[in-house]
Structures are given as C-alpha cells and as structure tokens.
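Each of the next two complexes has chain A plus one more chain, namely chain B in the first and chain C in the second.
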Partner chain A sequence: MTVSLPESGAPLKHYVSTAPFDPYSVEAMTAGQAKIFQASQTRLMWWKFKKHRIALVSGIFLLALYLAIVVAEFLAPYNLHTRNMDFIHSPPQRVHLFHEGQLVGPFVYGRQMTLDMDTLRRIYTDNRNDVQRLRFFCAGDPYRFWGIWESNFHLVCPARDGQMFLLGTDRLGRDVLSRIIYGARISLTIGLIGIAVSFTLGIVIGGIAGYHGGYIDLAVQRVIEVLQSIPSIPLWLALAAIMPVSWSPILVYLGITVILGLLDWTGLARAVRSKLLALREEDYVLAAQLMGASTSRIIGRHLVPGFMSHLIASATITIPGMILGETALSFLGLGLRPPITSWGILLTEARSVSVIAFYPWLLFPMIPVILVILAFNFLGDGLRDAADPYK
Partner chain B sequence: MLRYILWRIAVMVPTLFLISVLVFTIIELPPGDYFESYVSELRAMGEAADMEEIAALRERYGFDKPAPIRYFHWVGGMLRGDFGYSFEYQLPVSSVVGDRLWLTVLVSFVTIVFTWLIAFPIGIYSATHQYSWGDYGLTFLGLIGLAIPNFMLALILMYFANIWFGTSIGHLMDQKFLNEPMSWEKAKSILEHLWIPVIIIGTAGTAGMVRRLRANLLDELQKQYVVTARAKGMNPFRALVKYPLRMSLNFFISDIGSILPQIISGAEITAIVLSLETTGPMLIKALQSQDMYLAGSFLMFLAFLTVIGVLISDIALALLDPRIRLQGGSTK
Partner chain C sequence: MITRRTVLGLMAAACLPAPVARAALREPEFLKTKLADGSLPPMAERIPKVPRVVNLAATGRSPGQYGGSVRMIIGGQKDIRLMTINGYARLIGIDEHLALQPDILESFEQVENRVYTLRLREGHRWSDGYPFTVDDFVYYWYDVLNNKEMRPRGLPLDLLSDGKPPRFEVVDRLTVRYSWDVPNPDFLQRLASPQPLTLALPAHYMKQFHPKYADPEKLKKLVEKEGTDDWTGLHINRSRTYRPENPDLPTLDPWRNLTAPPAEQFIFERNPYFHRVDETGQQLPYIDRVLLNVSSSGIIPAKAGAGEADIQSYGLDFEDYTFLKDAEQRYPVQVRLWERIQASRIALLPNLNCGDKVWRDLFHDVRFRRALSVAINRQEINKASFFGLARESADTVLPESPLFKAEYQHAWAQFDPELANRLLDEAGLTWNKQEEMRILPDGREAALIVESAGESTLETDVLELVTDHWQQIGLKLHVRTSQRDVFRSRALGGEIMISVQQGIDNGIPTADMSPAALAPTGDDQLQWPVWGLHYLSAEQKGEAPDLPEARRLVELMKQWKQSTSTPEREAIWTEMLSIYTDQVFSIGIVNGTLQPVVTARNMKNVPDRGLYGYDPTAFMGVYLPDTFWLDGSG
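Our next item is the complex of A and B:
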C-alpha cells in the first residue's frame, strides 16, 4: 500500500462541516436572558425602577400633579381670588349621590347661614330641600388661562346660583380647594427652579474643583464646609429679609427660588467633585485632552454624563427640602407675598390655635404638602436604586 | 490625640472667618440701615425725627465708615466679647440675648439626646428585620415625620395639648420665671415645657438618622466577618452586638455634624411658632427691622454653635475610633 503524501507546500485537505455554527451554543441564553443582555442602559434602569412599586406610583402621582398645574385654571372650580361674601369660613360641603333614597348623581345641599349672637360665630346648616347638582365640563367663573386667553370652562362647577366648597372657605370666603390647586403651581415649580439653580451651581463648581484639584479644590471645599455648617433656615430667613419690600411678587418668587437654590448646591458639588477626582485619571480623559478639548467640554461632554443618573437621583431627594423651605419662609411672612399663592401662603391662614379649633379645614393645604414630600422621597429612593442598574 | 484636637481647632479658624464674612455681607446687603427705616417709620407716624441725634448715633456706631472697616470693628468687638449694640432694644446685644443663647443650646442638646434615644433602637430593629412589616411601618412613620412641616406639627400639638391637658404649651417656662435668675422652680418649669419643642424638632432629624443608621448597619451586617461569625454558630444577638453595633455607634456620633444644622434650623422655626424664649423669635424680628448687630450676632452664634457641635462630635469620634485618630490631619 502506498501512502500518498501531498506534495510539499500544497494545502492539506481536511473536513469542513457545513452545518451552521453557533459560538454561544455552550452557554445558550434563554430569550429572557438575551433581552437583558442586549438591553441598553436606560432600558435596564427603567426595569430596575419599575420593580420599586412605591417609587413608580409616586412618579406617576407627581407626573399627574405637574400636568395638573398646567391646567390649574380648568381644574379649579373657582378663581383664585373669587370672594363669596355670604360664605365666610364655611365648612367643607359633602358630595352626596342619593337624595331621599333616589339617585340624582353628585350633588351638594345648599347652605344656610345663621349668626350665633352670643359668640358671633357663623353657623352653616345644610338645607335638605335644596339639592344643587354639580355640573361637569361647564361654564363657571371667568378666568384668563395662563393670563392670556379669556375662558370660563371648568371641569366641575357648582349648580347655577349654587355653591360648592368641597374643602370649605377661608376668612374672605374664597374656596380652599381652588386655592390649593392654584397654590400647587407655585409650590411645585419653586422646587424645580430651585433645583435647576443648585444643579447648575453644583455641577459647575464641583466640576471645576474636582477636575483641577489643588488650591481651587481646597478653597471650594472650605466654602462648602462653611455653607453646610450654617443652619439653613436662619440663613434663608436672613436672605429673604434682604429682599426689598418694593419688589413685585413675581420678582420675590424668583428671588426665593434663587435663595433656596443658592444654599443647596453643596451636597451635589461634593458628589460631583469626588467622582471627578477619580474619573479625571481615566485614559479617555487623557485622550480628550490630547485632542485639544477644552476643560468645559471635557467636564460637560465626557465626565458628567457618566454619572448623570446618580446626580438626578440625589437632586430628586433635595426637592422636598426646598418645598418645605418655601412653606416655612412663607409661613413666617418672609417668603412669597400675596397675591402670589403657594401652599405656604395658604397655611399662614391657619396660624393660630384658635383657627385650628374653629376652622380646621384651613389645614387642608398641609395634605398636599405631605403627599408631595413623601412622593419625592420615594421617587428619589427608586431613582437612586435604578441609577446603577448593573449592581 | 492632642495633635488631632489642635489640628481640628486650627481648621475651625478659617471656617469661622468665612462664616463671619458671609454673615456680615448678608446683613449689609439690604439697602439702607436701621436708622433709615427708623426715620421713615417715625415720619409715617407723623413724628419728626431728630436728625442730629441720628447723625450722632450713626457716627458713633461707625455707619459712615466703609464696609471693610465696619467689618473689622464688628469682628474685633466679638473677639473681645462685645457683640455690638441693638438699636431696637437700645441695649448691648449681649444683654438682650442673655439667657436665650443658653436656652437654645439646652433645647438643641436635649433634642439630640432625644433623637438618639429614639433613632438607635428603631434603626437597629429596621436593619435586623429588613423588609419586615415592622421595618416598613417604622420607615413610613419616620417619613411622615420628615414630611410634616415642623411649624404645622407645632401648631397641631399646641391645639391638642390645649384640649387634652388644658395647658398652654407655648413658651419655654412659666411666664413668672421669665426674668428671674435660675432656681429649682424655674428649672422644673423649663423641664415641664421642654418636651413639646423637643418632640417637634426631633421628628425630622430622627427620620433621617434612622434611615442612615439602617443603611449603615445593613452594609456592616453583610460583611464577611459577620457571615463567618454566624457560620461558626455564634448566637445572632452576640454577633450583632460584638462588632457591627459598635461600628454603627461611630457613625452615630459622626452623624451629629449632619443633623445639628437641621436641628438648629427646626428649633428656630418651632421657637417662632411656639414663641419660645430662644433665639428664633428675636432673630426674625431683628432681621425684619434691620437691627444688624443683633441679627448678625444671632446668625454668627448659631453658626458657631454648629461648628462647635461638629468639633465635639469629631473629637468624640476620634476617641472612639483609632482609625480616625491615627490618620491625624495628614489627609487634608
């Protein structure tokens, strides 16, 4: 038998399978695993966030609130300043569905006021014969939508020549519910604008300190330490007190947001600084430097986006502090001034024990404050967990 | 150790200097000064102001001099124990303030102790029973405490104390003791009134502390030495008390730095609502009437209190934790 060796230099013949080959066949992934494996970072964050039920609910709640303040005029049954002189300090009315065993749809009973001549208190009693059906998508108090368009279209209005004070009225006969809805516009945006100010300051100052290090870093750290060691409310009070009385309410509103933001950036700046101190040693930063990128571009384009999600999460947690701060300042008379109406301004009405004893419904604005603060806390917790989806 | 303490005190100096600059800038910022608002107030009431006297007062307190000179005058005075002059009360600031400073210190101190007493057991329970109903319930309760504005809580407690106990809980002591020297009776009266503001101010700080303590202890409980101890059959209680708890004690003390500003803030607001005889109500009045030395001294004092509090907590931490002590100041 002769062995036919191939000629030297000629390619060896060997067997090649034509069956399709899957390199991952050993560690095959299920469809679910593949989905996770290929998901983008944002998608992973969303999945992780969705697991945190309370955070998700809080997020939806807050989103709904922020959408609601866009159309506050439409949602509020009355105007911000509509006075009902016949219904001063009227207690909340209940919405009924059945009248004498018959379904009439949502309605309220009419109110009658008598004056107690001994105590001079107004006493309101329901008039059981006066059924006032609520109207929906109806024409009510005229208003200027966003101060531009004239309209009188409301989600819900009292019956014609009737009243509907679901949360009672204050000392000028203004509807508390409507005022809470209008107040949300100020109270909720103040946190957002304040956080925008502190976010910008935090990233810029923290970024510069962390990126450059050395003396700049030392100075910035001292300043942060100083600001953090001064109790915030006395400082807010002092800053709010220096706003001239001659300023218009809108200017005061902006001033307060800036004050709240000005003192709040320290925590964020610290976080940015410590991250940047570590990240600036990375190779991609060196590469950007060699290509001639400016400092602001390196910080803004290459470094900050890397931990933006963390920043947003920690910013969310500081919003409640701002809302509470505004409430406290307004309550003490150093914050916003009427006619601008925030929840803090509304709470100033409930300033004394006698008010709480006689007109407890003036405390209602406290409920949205508590709910919003709880929601922001939960949302912040959820975002913080989701910010690092690879953990 | 001594070196560390000295180093910490040395670091305080620039901090206090910066704070004083900041405070001075803030009280200088509003246009006009106390005399201007005083004169316009007199005019509004239809009285004539004695401009000569006011000019003399202005000169006496250096209001005609440029700001930097006034700043050094103010700081120099404070170093010598002279806190300036309150125009509104027409008395030196130190005698206007008097007892109020000590009462503020007292309220803050008792509040911190209260916060500890509440937060410690709750934090440990929450960490060892993570995700249990108790954990959720307590966390939620704490969050509610965090979410209710201090001043509203003060008002509501005031109302219920009125109904349930029939007492007025405003103020920090019975009114008859107000200007009396300290006595047993006065101390008793203060103690009787103290618990309400302490509870109000404490709620917010407690919630934050429980959360941080829980997170801290949870980290510690997941470490390998705890796992090893449990694997070797150590009883869970001992495994908790022996090391993880001691570690979180350190955290407890270092956390003073973060809750102290919060407590003092809360104390101010609560004091204003409850009209306590602490610095709060007076500070807000001084700010509104541009009584600059009084307001400035108050702000300075509150900041000083915080800085001292943080210093004490740092030193206590260094005593407890050798790792901090041995690092000394070299890492700065």
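Our next item is the complex of A and C:
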C-alpha cells in the first residue's frame, strides 16, 4: 500500500475524533470541589467554622442561653423576688428519681428547718417521708411575661405547698436558680446592647476618619488617644454616679449599657480606620467615586462589607469584656442596683466571709459568668478563623 | 442641799476599804527589770494613797494574775481611740448599773447641779511618774481653755451653762471647784462620756509647747519641726487624749501608747501608775500589753474568725456570729453575744427639712409618718436578719433603761397596712388609675428616695424588705447610696428625703443623762438638721421648728437643762419620750440586737452578757477591760 500525497489543493486527510471534548478536563473537579468552588463566602465561613468544634459548641451554648432569656419567666421555677422566710439560706436540694427503690420520677424530699440557737444557724434536714414530686408545665408563681401578659405557667414547679431550691436560697429565702436565670437576662443583653452602641460609633467615626484621612483623621486619632488614656474604672464610676437615682431600674440599665458602649468604641474605630486607609486606594473605590456614589454609600456598601467578618469576630471577643465590665461595676455597687438583678449583683451579695464558709451555693452565679465568657472567647476565636476561609 | 448624787459620791468614797495587805503585793513580771534598776518605785508607791478598788468578787468575777499581750484589729489608725474608750479612765465614770462613780477622782460633790467640787486622789501620778495634781487643772483652765489664741471662740459648749462660763476655784491642793450661776446638769455625765470633756492636761509635759512657759527659741524650732502654723497647732497635736497619738504624752489610762503613727501595729503597754486596784490590792490592769493591728474594716470578721484577735468587738456584726462561733472549734477563741444599746439598730429618718415643698408638707403630717411606720412588717425583718432575736420596737429606750415604758416600744410599731392605707387616704394621697401607686397632691408619683451609706448588707436587706412593705401602701422606694461624710451637708441643704442609719445612740438613758437626742438640738440629726442647727447655733443659724410638737421638745430640753432634781428630770424625759414616739419623728425597726464579742478562750472576767454601745457604756469600758486577765493554763 502506498501512501500518496493528495492532489495539490486538496485537503490533507486527517483524523477527527468523534469523542466529545471537554477543554477543562485537566482542571476537572470532583463534585465536592465544585461545591467549594462555587460556594458563597458565608457558606465557606460556615464550613470553616464547623470544623472548630469548641467554637461550634460554644455557639450552640450561647444560642441556647439567648433563647432561654427570652422565656426566663417560664424557665425560672420562682419569681425574681419571691421570698420564702421559712427557707433562708437553704442549701441546694437534690433531685431524686427513686424513693425506697421505686421509681417515682423526679422529686425532692421535703425539708425541715431547725434553728440552732447556739451557733445561730439554720439547719435543714430532708424529711425522707415527704416526697415532693416536681411538676412540669405547671402553674406556679404568677408573673407578667415581658411585663405585659399575666401568666403563671412554668416549665417546672415544686409540688403544691412544697419547695424546690435546686441551687439553694439566699439570705432572704429567694431561689438562687431563679435569680440566676433572671440575672442572665440583664447580664447577657448588656453585652449586646453595649456592643451595638460601640459598633455604630466605631464604624461611623473610624470609617469617616479612615476614608477622608487628613485633618479629620488627625482629630479623630487624637480624641481616641485621649479617651484611651483615661483609666476606665474611675471613668465608669463617674459616669455611673451621674445617673439620677430616681431613674427606673430599666433606664439605669440602659444607661450602663450606653456607658459601656461609649467607652469601648475606640479600639474598633482604629481597626476600621486602618482597614479603610488601605481599601480606599482600591480601583473599585475609584470606580464608585467616578460613578458619583456618596461617601456614606462607598463606606457602607463597598468598604465595610469587605472586612465585616473581621468586625464580627472582634465584636464577639468584646462582648465578654462588657459582661465583665457590668459585673465589676455592679460588684462595686456602682452599676445596676437592686431590684434589677444581674449576675454581678448576685455576686455582690455573696462576698461576706460567712457566705464562703457556710453558704457557698450563693457563689453559683460565678459559674455562668465563667462559662459565658469562655464561650464567647471560643466563639470569637472560631469566627476569626472562619472569617478568612481561604487560609 | 444634799442630793442623791452627793450621797452616792460620798458613799463611794467612804466604802473604800482601808489599804491593807499591802505587804504581800506581787509585782507584774513585765516590770521586773525596771523595778530592779530602780527606774520604777514599788507598787505601793505607784498607786495613789486611796486607789480605786474594784471589787471583782462582788460582780461575780475573780482577781486574776498579771501577764500576757492581747491582740485587737482596728480598721484604721484613728481607731486607736478604742483604747481610750475601752480603757474608760474618767474623772467620773458610770458603772454597769449606769450610776456615776468617782474613778480618777477620789470623790465629788455637787450642789443644785450648779457647784461641782472634784477631789483628786493623793499620790496619783501620770504614767511618767509625775504627780497628777490641781496644777494640771489650773494649767488647762487658764493656759488652754481661757487662752485667746488656743480658743478664739471661747470655752467649749459643754462648759457653758446658759451661755456663761463657770467660776473655777482651787479649793486646796487636791480639790478644784467649778460653779455656775444656773444649773448645768449635764456636767458630770459629760465627764463620764466615752469622749469626755477634758478638764486637765499633764502640765509638766505640755508647758514645753506653751509660749508662756517655753523658751521661745526652742518652741519656734518645735513648731517648725511639727510643720504647724503656730504653737497652738503643735499644742493640740501633742495633747490629743481621745486619740492617743503622742507616745510621749503622759496619760492616766490603763495602757499607754508606745507607737507614733503612721504604723501598722500600735503597741500599748501597762501604765505602771494606774489608779485602780483589785480587792486584794493588786494594781490593775492585769494584761501587760495590747497590740492593735491596723487592717481594713471589711476583713475584721474574717481575721477575727481566723484567731487573729484576742479581744475584738469593733468591726464585728451580728451576721458574722455564725462564722465566729464556728471558729471556736478551730482557734482558742470564745464568742459571746452582748446586747446593743441603740434605740434602733436601723431607723428611717424622714427629713422634716426636706427641700421639696410637697414632700416636706407630707413629712410634717404626722399621719404620713405613722403610716410609713405601721406599714413596715418588723416581724419579718427580725426573722430574716436577726433570727427573731431582736426586739421589734419604735426608735426609743430599751427595757434596760429605768425610763422604759412598753407604750413607747409599741407606739406605731405594729404591722397594720390597712391602718397605713387609711392614714395615707386621710393625708390626701390618692391612688393612680391602675390602682398601683399613690400620687402626690401635685400629680407626681409618690416615690421616696432613701439615702443609705451603703456600708452594710443589713441596710440593703432591710431596705429591700421595706420596699416591698411600702409597695403595699402604694409608695415606691428608691435607694441611693452616698458617702456618710456628705450626709449632713446634704440633709441641711434639704436634698435628702429619708435617710437610713442607726437610731438614737443611747437607748439606755437614765433621767440624769441628757435627752438632747429627742429634740432638735444638733445638725447631725438627719430628721431635722435645720432645726437642730438653730438650737446648736444659739438661734443664729438654721430655722426655728415650725411643728408645735418639735417646739415643745426644744422647750422641754431647755427645762431639763435648768432642772435640779432627778424626779423633775424624769418627768421631762417621760413627756419627751411620749411625744417623740407618738409623733414618729424617726421610724425605728428593731433594737436590742446582739453584738458578737470575741475574746481569747483563756481570758477571764469577761461578762457573758453585757450591754454594748458607744454612749454611755463606752463599748467594753464599763466592764473594765483592765480587770480582764489571761489564764496561763488555758
């Protein structure tokens, strides 16, 4: 067989594969890879975040707490101010399931108080014959849900005419558990409101300073330096002292949050400013300017979202600082005042030497404080890692 | 004229047993070296010829042995005054039954409460061994009290009667006499009070600071060194007797200070020339040294409970008792409960000089004050904070006082919210639309602001309970905490509505003690500071009371000042007490609360029950801590 050249002008013979051709086949991705490749920023962050186990657990824990404070009245077995004069300084009661080998469901033993007139102590003994079954979804202390609706519906209540002090009672016979639950409402939200204030201030002031630069930046920087140089505790004290005593506790509470927020924005403003100083040189900013966008739109729409994740992470880390700030202020007797009850207030009431010696359960509010602070720190840690998912 | 008191004074002097058995006197080990080297004479020469004999067996106590140091914790340097208070060496002192006794004096006499003759003990010496004589009274009277530079505004008020100073005479080398034209019935009590009226200073020591006696050059140098403006400042600094800061100042107290402030520990050691002896003739005090350790008042209970105090009452409160009692098992301490003598452990004082016109009118309305009082559930407070061991009472005298009547205790102290509501309705306070709160005549909500010094959780707790009680009668209560120091000026300015503090200090008065606390007589009385200032300033400042009952109280107070006999004074006290309690000028809650007293377990002669308070019992003073002793075997 001879291979001859085609006639001149005729096309050369060639082979064309009929198999389908995918030009991207070398870059082919698995389904999983494609999902990652096409995933949105949020989704990526979520994936990254999910890998941070502790952060995830912390997040769920905090979420649960925040859900709980919405329905604090329902969860707490007693009201915030319900006093039980026959059960002053009663130690925590244990929940039992079995009575004399028989399953009776969760119950507590009734208690008897005897006064030891020699040492002046109240001594509580369980009465083994008095089985007080706990009731669930039951009618207990009447309350006003969110101060609006009358109700007496509780998750769990003591037996009728019985008691249930799972974390003991304080010196006026108030249930410590219920007070911790009500206190959470104040202590947990104070951080959120405070952070909202400091966020707004930080972004607006830091944004303006960073975007405009020049004299504005200079002025803002000096103000921030002055504010940061003031020792914080005395400043808190001064601000807390000027709040009129006749303010209702709710107003005082708002005032404290605003004070905490007002003092906290400087660090955030600095972060925002330094980011903006870099970002404002980007082409897309120039494009936006050429298209006639206003300053606030450029900052708010184009610049801030670029590092929002970072801001969220830093905010999460700031919240525990605020919670501790409130606790410290209240502990010093300058923050919230009874009848408003926060964890700080509860701890203030537990600082005498006899509490530590005889009524250690009054220190229980420390546990939620520690847990919440840790959870926020872990969560912030996870969020910060997640904020940069490509790393 | 010879009054009961004269007789008592003479009797006390006459009862003194003849100084026998002097030969067998044992000297304290502590003084051995000084005795050996001859710098101290033997005991018989150190005590006055006629010492004050404390008959221990008569009060169920026993003569003890010398030795030992005891520790006490104080909240700050100024608390070294506790040694002067507890030492309770006074010209005249009261005993456990509130009767006046000559102490530093050998005897005293009085005529019509105008002429007081004070007789010193022969051979009595200051703690440095220099004789204590009428010269010390002369020096203080002429060179201090009547020195224009020292006292530009004249004599202290306590020495004036009807604005006039007394005549001072030296009767003989051991006797002085103070005489007024009009009665000055408070004079002896002022000498016996925890912060006494001073009549004498150690002239031989103080003269070096007085320009009349001192070398001008030397004095100038001393003033410069002290850093005061002139010699008066130096003289005052060096002569503080109530707060014995000057270790060089000779004293008549049982223990003398060895440490100049500032210091972390103050050491007091026995005054070798102290004038009291026990029935065996042994000189008091038994205990050699008292060590005062400076700490902060907040941790005194914790430290006392950790066995760091051998004698401690100051800084402890009823709520610490359980803790301290528990410490008995771990440390060699013993806790006793004494009864506090305040007329009310906690009282609410509505400010009748409040700046807000509407509130002032309400506070002036006795129905409003009574309503506030009967709305309080005292039983609940007693149960919650005092184990039910306190006495629910108005702010008035205790049963231990000879003036006590049950009607004072129960005056408007019952729990009766219905009555309270009726009284408020009558006073013109109507309910708001939701029937939750009362509104003032000018339309505002009836919200009371109570000022507290915020020093104790007890106040907070009681106020919390009172908040609830007053809620029942439609009154809101807010608590403001402010510094105790600014209380007086703010109250005077009318800025305080109601303050919360202790009730009347002396709940166990006798008719011979001044009833000043029941009438507007001082600007520190937070229920009527402006009226009090009026009286205090001899009607120059402040305003006259515009309530007839308050005016009557002032009138009675003035009558008491003119009175010359105990029955007369009793009648005045009775009327004042009944006006005060019936008008509810202060709202008492509970009194007779208990005070823990911690002592080392081997400390003897400490009474198991006692009355505890500042005025008149001078904390432990009337129980004579110089008679307490440490049992070596303990």
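Going forward, the second predicted complex is superposed on the first by the 372 of 391 C-alpha atoms of A that agree within 3 Å, B and C clash if a C-alpha of one lies under 4 Å from a C-alpha of the other, contacts with A are read in each partner's own complex, and residues count from 1 in each chain.
Just so we're on the same page, a contact is a pair of C-beta atoms (placed from the backbone, for glycine too) under 8 Å apart; a residue touches a chain by one contact, two chains touch by 3 or more.
Keep in mind it's a predicted model, so treat the numbers as computed, not measured.
Partners chain B and chain C, once the complexes are superposed on chain A, run into each other and clash. Within the superposed three-chain model, A:Ala328 lies in touch with chain B and out of touch with chain C [touch as defined at top].
Between chain B and chain C, B touches the greater number of residues of chain A. In the superposition on chain A, contact is made by A:Pro231 with chain B only, not with chain C.
Of the two partner chains, chain B is the only one that A:Met366 touches; chain C does not reach it. Residue contacts after overlaying the shared chain place A:Leu115 against chain C, while chain B stays out of touching range.
Applying the stated contact rule after C-alpha superposition, one finds that A:Phe61 touches neither chain B nor chain C.
Of the two partner chains, chain B is the only one that A:Pro320 touches; chain C does not reach it.
Contacts of A:Leu239 after superposition on the shared chain: chain B is touched, whereas chain C is not. Using the contact criterion defined above for the overlaid structures, shared-chain residue A:Glu349 touches chain C, although it does not reach chain B.
Applying the stated contact rule after C-alpha superposition, one finds that A:Val223 touches chain B and leaves chain C untouched. Among the options 7-15, 79-87, 205-213 or 259-267, the segment of chain C that ends up inside chain B in the superposed model is 259-267.
Taken together, the two structures place residues 352-353, 357 of chain A in contact with chain B in one case and with chain C in the other. By the touch criterion given at the top, residues 299, 301-302, 305, 319-323, 325-326, 380, 383-385, 387, 389, 447, 449, 454, 457, 460-461, 464-465, 467-468, 478-481 of chain C touch chain A in their complex. Those residues of chain B that touch chain A in the complex are listed here as 14-15, 18-19, 22-23, 26-27, 29-31, 143-144, 146-152, 155-156, 158-159, 162, 261-262, 264-266, 268-269, 272, 283-284, 287-288, 295, 298-299, 302-303, 306-307, 310. Taken together, the chain A residues at the contact with chain B in this complex read 222-223, 225-226, 228-235, 237-239, 241-242, 244, 320, 324, 327-328, 331-332, 334, 347, 350-353, 356-357, 363, 366, 369-370, 373-374, 377.
On chain A, the positions that touch chain C within their shared complex are 81, 83, 85, 88, 115, 117-121, 171-173, 245-246, 333, 337-339, 349, 352-354, 357-358.
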